[in-house]
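In order of appearance the chains are A, B, C and D, and numbering begins at 1 in each one.
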Amino acid sequence: MPQTGNILVIGAGIAGMKASLMLAGASNKVYLVEKLPIIGGKVIKNEESFPNLECSTCMVAPIQQDVLQNPNIETLTYSVVEKIEGSAGDFSVVIRKKARYVSLTDCIGCGMCYEPCPVSLKNEWEENLIDRKAIYVPCSGSLPNVPVIDSEHCLKLLGKEECNLCVESCAFEAINLDDSDEVMEIKVGAVILATGSATIDLSTLPNLGYGTLPGVYAPMEFERLFASNGPTLGEIVLRGSEKIPESIAVIHCAGRKEKKYCSAVCCMYSFKFARFLKHKIPSAHVFNIYSDICVPGKSYQSFYKSVDGADTEMLYTSSIEDVKVSENESGLKVAYPDAAGAMEELNVDMVILAAALVPGDDAAPLAEVAGVDLDSRGFIATVLDGSGSMETSRRGVFVAGTAEGPKDIQNSVIQAESAAGQVMGIVTSGVSGS
Amino acid sequence: MTDTERKGAVLPVAKEPGDTVLDFLRMAMTKEAADAVILPMKVPSGDSYAWILMNDISLLDDAVPIVPTMPVQGAKALRSLTRKGPGNLKVIAVMRPCEIRAAMELSKLGQVHSENLILATYDCPGAVQLQKYVDDPAGGDERFSGMLKKGNPDDSAKSVCHYCENFSIFDSDIHFGYLGLSEKEVLLVPGSGKGTEFLEELGLDLKKDLSSWEKGIEEIRADRVKTRKNSFEETEIQLRDIDGLLSVFANCIGCHNCQSACPICYCRLCYFDSETAEQDPDALITAAEKRGGISLPVDRIMFHTGRMAHMSLSCVSCGQCSDACPVSIPVADVFSYVADQTQNTFEYIAGLNDGDPLPLRQFRKAELPGVHELVKDADAEVPSHE
Amino acid sequence: MLMRRYHLMSSITIDTSASRKIKELLKFLLESGKIDAAVTMRKIPENNSYDLALITNASNLDEAVPVVPVMTVNAGQVLSSISTSGKKMAVVLKPCELRAFVELVKREQGSFENLLTISHTCGGVFPLELVEKGQIEELLPKYEKNVSKGEVPANTRDTCRACEHFIPMNADITVSVAGECESGKGCMMYFNTEKAEKFTEGFAGERSEQKFDPSVLQKTLDARLAEKEKLFSSTKKDGPGLDGLLDLFGKCVGCHGCSNVCPICYCLLCDFESANFDYNLPYFEEHLSRRGALRLPPDTIFFHLGRLTHMSFSCVGCGMCSDVCPVGIPVAAVFKKTGEKTAAIFDYVPGRDVEESIPVMVYKEEELSDIG
Amino acid sequence: MKDFEMRESGQDKKLRAKVGVYVCECGPNIAGKVDLDKILADLSELDDYQDVELVVKKYGFLCSGPGKEFLEEEIKSNGFTHLVVGACSPRDHDSTFMSICEKTDLNPYLYRIINIREHCTWVIDDKEKATEKAFSYIRGGIARVLRQSELFEKPLDINPDVLVIGGGISGMEAALSLSGEDRRVFLVEKTDRLGGVSIDLSGLLPGQGEVVKKKMESVTEDKNIRLFLNTRVETVIGFLGNFEIELVSKENAETTEIMAGAIVVATGSELFEPANSDNYSYSESDEVYTSISIEKMFSGEGEAKLRSGMKPSSVALIHCVGREEKNYCSGICCSYMMKLAGFFKNQSPDIQVTEFYRDLCLPQKDDQERYNEAEADGVTFIRIKDISTKGTDVSFEKMNGEKGEQSFDMVVLAPAMEPSADTEELADLLTVPLDESGFFQEVHKMTNPVGTSTDGVFIVGTAHGPKGVSDSMQFARASAGQILTRLIPGEKLIPEVKVTEILEAYCTGCGNCLDVCVYGAIYSDDSRGISVVNEAVCRGCGNCFGSCPSGALRTKHFTNTQLYREVDEALR
């Protein structure tokens, strides 16, 4: 049975990239498959990351550059894994490289083709806060800086119109409208699943008013509002009214009751939001409505203490699940039971919900393809051998990052490097053993 | 720093305070409490002195411990001896307080290792300006003995001596005190643990009450502080702006004597002499073209302000730089004035032997209180343009 | 000392003082764009001090005093840092400054390529002490009278009074100041080289073929040689050897100012300041046990011996070293005397000719025969 | 025999240099924004240097495949001594052009990339000004490249073996993940047994207790792991790949010298001393225990009994002991306290268990479930604003301000986890700084939590900070992963090339640079009284460069002369 040093990593977020770099560093060949047109995952969507509020892009861009320039890593963006067969040390994998319609080698990302494109639709990467064209890159500073044509909306590809505007605008003949998907087969010795997670669909929580009340924001929406390369270039303005909010309530543990677990990171990013708001709008009043504070580890509580009282007013509620958000004439009304259980009311312009982290909607199909079990919460399960092993129920297939459950960047990176460490244990012993 | 409950010992009276010191040193060497001493001796031409390390007791007869002028700063002699380590010779060095203070600063820079040194100081009435002494040695000796009697410098002394506050016991191991006392009486005061041990080893009983001597010293210090304030006010007017600075250093010919005479300037090759600071010929002339002409050699003010930036925190205002200047620029007054301010900003006293590291080599969270206010005011004025 | 024979050169007679004439020449050269910059002494009225200046704009020439008995810094030393720029420059140099620069060019420290050298017969300069006290103005009239009469002016630098090379040897343009100019006969400006001719094309004053007649300065030369005899005998303390040296250099404070201002000392880091002269403790302990006493810091006298061996044969006797010595040691006199003695063995005159190689740098089969 | 000159006369010996200047059009990004031909023309007429020949050309995409071949061919055919490329940010293609130089015999450090895209064409709209700026940037670049000197990589042999300090669960896991035929592991433990703290923990997950024992067996049996019990580390000198370590045995004070390529610090942590907090006062005889002593009872005899031998009928479990004093939450106490609650309930079903907590921190996967089970089991959870105990009497204040008093048979305190005793001493030894909580300082909180500023020293387990057993073991495997990629047996290590050197002639050993060197790359050579840079450790950050008053320090590739000449030329 041939033992091969190749490794498949699915998902190019912080966990996927760190695992790939470590494995490539030990001169293994890594196939890094990412479903989006760009790499970087969730972290690059936040302007700054806790606890020391370091600029996320400055932290991640060098890692992205290392991945793109590493000879041992073959990065396949805009691609999905369709089949993983075989067993540890000898998996055969089928990967579908979706048609990008723009050549990765010829295009230099000059952006001349975006403007002429007549089609305009919501940009999901920017949480639909801004529009994008049919030919687009998700955000400025995308890596690789090469656009992709959205075949479900491009008039030419849908056969509606003979539109060639983007092709004509390209000085480098980098656009080829009759590009097609490509399927490739590879042999790998191990697989690491690093497909990340999603936030709960807040519209399923009726009494918080997300989706019906425009002033209620999901956490990622606020992150993009605050981002300097985001839809509003960092200006915090309310949807529709374009007004700068004067009072904001951040409600913790949105969806915790329903999901029956604490998502570990929401307290910290809620405090981060308070710091952002006070920094951008010094005159604003910020409130954090909480029932529990989860700031584990040696450096998180000091950040919480620095925010408490300075950037925000902490309001304790005896039961977070009974918090209700409704509309009133001046904006939003937040009702919550205080320590003694009596209902208190707070009038604010804006509400931000610290939403629970849930498995991505592609988690179940991926588990299917990878032949691995999910845990009770729908995340990818690991073999609970008591030593924190990152191996899944299927030998030779590992998981790392928030695909295994909610965690912060530090633990995602540790899990990625720990999984890579375990893979190197098998592969090297495998290779040297054979 | 005098502290009240400290006690001293009275030394047997001799002709001059200097002779009392020599008797003490002879006694110390015969008792093998020290292997050698460092003392000034007259040079053959008789018009200057040099530091001599000697272990032959007979040579002490020609030594002049309390020396009228300061040809070479004592700290430079100590540096040349102990830069590469303390060695195993026990040596007593008898020098002026500003020389020992300079040696303390150098020990913080790894240039002096004083483990096996007994640093002795004496009450310094001031020192005759070097050129004046060399021109007329006999006159210089006479003026100096006058100063010894009065306890204050006369007009032949260096300008810095007129406002020197640290002319008596500062932080040396042992100190010979005599200013303000009755004729020829010399007190021997321990300044550090090492000093006390050394004196006890020699069997001296330290019981003499020092309060009257200390009171005399305080009186002298009080009016030195006044002179210091006036002198700094004058220098402040001179240095009110860049033109003031330029006019003070107008005659400077860039010979860097002041840097070589300074005990704190320990660099082997001064940055301003190295090729990095040397101007590229084309760049020099392009700069000249911008102004229509430049004075040569270039960068004289840069050299002085640069040297200030590097050493002013350790400046003990010993006045050697003015003595070495061929065109008599009052370099010492300018550097003392600046050092006074920089050292106050860091609440740092140059030359203290309490192991307080150099301000620029340590980081303290709460530092430079004054500066924080400045920054805050500056921030307040600037509208936050977020 | 054999006076050099001079060939026929085109020259002009000067109606005003040498200083003003050279200033006119500099103005002409700057305004005509023939040169990019001029180097000359300058008087700064407000604090009545002098300095050497590099002037690129003709309007700044008014404070220039090209011929003045003051030397704040040896121009040869300064030239070594600016002569290698691509710019054309006219430089007014005293004979010893020009000779110092020649010695530096022999040591790769500069080049004549873009320089137009203007020099003049020199009456000697006053020590810095007098310059700093601002007494130059009062001393000038008496100085100029002495110089024009070929007498040695009083209280100038001792090596200037004893200087017999007061006639510039190889300048492009020479102005005869001493002995001729003020004696009513009007002094001459000689254009010695084609470069001089090329640069001064179109400069006022009709040209005439003249030969420089050194005999006019014979009187000055004899007076200088007599002064030299007096100076050299005064430096002979009671016998040579260490005692003599100790008498002379005993009071040296080791500030090395003499080497900093010496134009010939071009080393970035003098060997005597480097790690080679940094002794560890066993050295001191061993010497102390042997000799009972030793001077700290060590090598104060050894430094002067070292400098003598490294550069004295190139010493041009400009006197800067004595001027900056804080304890007034007659360094210049000792170096000039020793230098001339050593150079004489190789019949070498420092700064005479840029092609003449430095004695210690060249191996000649027949050499030092009188010593062998 | 002819007289020959010891040295040629000065004039004709000038430096001959031939500099290739290639400006990349970068499609419209550069060509479209500046007058490229004017730049090329001005550059070719540059007369700054009579002794330098400039070859000035432009090309469409120098970073494209054909572009790279074109440049390689140009270097070879022209025989350039220096190369300047006017293009994009060094971050994009510095390494691309350096690898092209490596293919020719032009030393890659005699080349410079000048960023005229991000610095000029992308930020200046006025074409004329952008042209002027691009030209002056390239002119400065030429001046600088001419003063650059060749630098060479100096590959170093490495020792693949690893020293692991601390025989707890993370130390053992790191040792087992690293040991192999071609890599020995030296496992040093200061006590007389392996297992550390975790040996007494029955673990949160079923079977976790046995994991520790299994690991101990495999460590003792592994022939590639050399175990040193009752031993401490005396001295550590060296850098990644070449550490010289002295171990001292506590029994017979005998020292052993070992060589290792990397060091894993797994020295674990200790519990905060409750007496240091004025909320809890109790004496030896009171029935007040810390959580670890209860864990020992349960994993030992399987029961937790009072001193009287009786089983307690009421227990108070108090969380967050010392959290205010330490100003951090240890993150796992809530989980293990609820586990202990479960053990007490199994021990005596009708036992009354009350848990007092400030915040419930349940971030781990099955924490919430464990909380729900405990609540279902009848454990009372009281969230408190303030609490204090006298022996087993507990007085507390709830969130709604209600005050309460209750006494219990037994009180169990969950103290915060703090750094182990010899952390400070070991930190000095390894020149690794400590962070504000007193734990070892990781080099980057998020992207490299196991690395430290001293390359080759890694921190795992609770030495890095409070964490559970499985997290500790993941940290251990992550450090093993980094070591497996950095120290590959047989391969060489290439340290940083652009390092700093100290000129012995100028240095007087004052030690300014020693203080500012974060990587401990400078040591003082007492015999010569000077400071010396260890070029294998130096990262070329240049901190020391600024601290030296006499300029005795030179950072290769960034010398003062190079920088000043570049600026002078650019501003002409």
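As a working rule, contacts are C-beta pairs under 8 Å (C-beta built on N, C-alpha and C of every residue); 3 or more make two chains touch, one makes a residue touch a chain.
Every value quoted in this text rests on a predicted model; they were computed, and no experiment measured them.
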{"item": "Any chain in contact with chain B as well as chain C", "value": "D"}
{"item": "Interface with more contacting C-beta pairs, comparing C-D to B-D", "value": "B-D"}
{"item": "Distance from chain B to chain A - Cα centre to Cα centre, in angstrom", "value": "66"}
{"item": "Chain C-chain D separation of Cα centroids, rounded to whole Å", "value": "62"}
{"item": "Chain centre separation (chain B, chain D; CA means) in Å", "value": "46"}
{"item": "Centroid distance [mean C-alpha coordinates] between chain C and chain A, Å", "value": "78"}
{"item": "Of all residues in chain D, the ones touching two or more other chains", "value": "48, 505-506, 527-529"}
{"item": "Touching two or more other chains - residues of chain C", "value": "86, 269, 274-275, 278, 280"}
{"item": "Sites on chain B at which at least two other chains make contact", "value": "83-85, 268-269, 274-275, 282"}
{"item": "Residues of chain A defined as touching chain D within the complex", "value": "14, 18, 22-23, 25-27, 49, 51-52, 54, 59-60, 63, 65, 69, 105, 108, 110, 112, 171-172, 260-262, 264, 292-302, 305, 316, 318, 338-341, 375-377, 384-388, 390, 405-411, 413-415, 417-418, 420-422, 424-425, 428-429"}
{"item": "Sites on chain C touched by chain D in the complex", "value": "86, 105, 108, 111, 269, 274-275, 278, 280, 357, 361-365"}
{"item": "Of chain B, residues touching chain C in the complex", "value": "36, 38, 43-45, 47-48, 50-56, 59, 71-72, 76-89, 130-131, 134-135, 247, 250-251, 253-257, 260-261, 268-269, 273-275, 278-279, 281-282, 284-285, 288-289, 292-297, 323-328"}
{"item": "Touching residues (chain side chain D, partner chain B) in the complex", "value": "48, 505-512, 515, 524, 526-529, 549-552, 559-561, 564-565, 568, 572"}
{"item": "Chain A-touching residues of chain D, taken from the complex the two chains share", "value": "26-29, 61, 64-65, 91, 95, 173, 177, 180, 203, 205-208, 210-211, 215, 323, 327-332, 359-363, 365, 367-369, 372, 398-401, 435-437, 439, 444-450, 465-467, 469-475, 477-478, 480-482, 484-486, 488"}
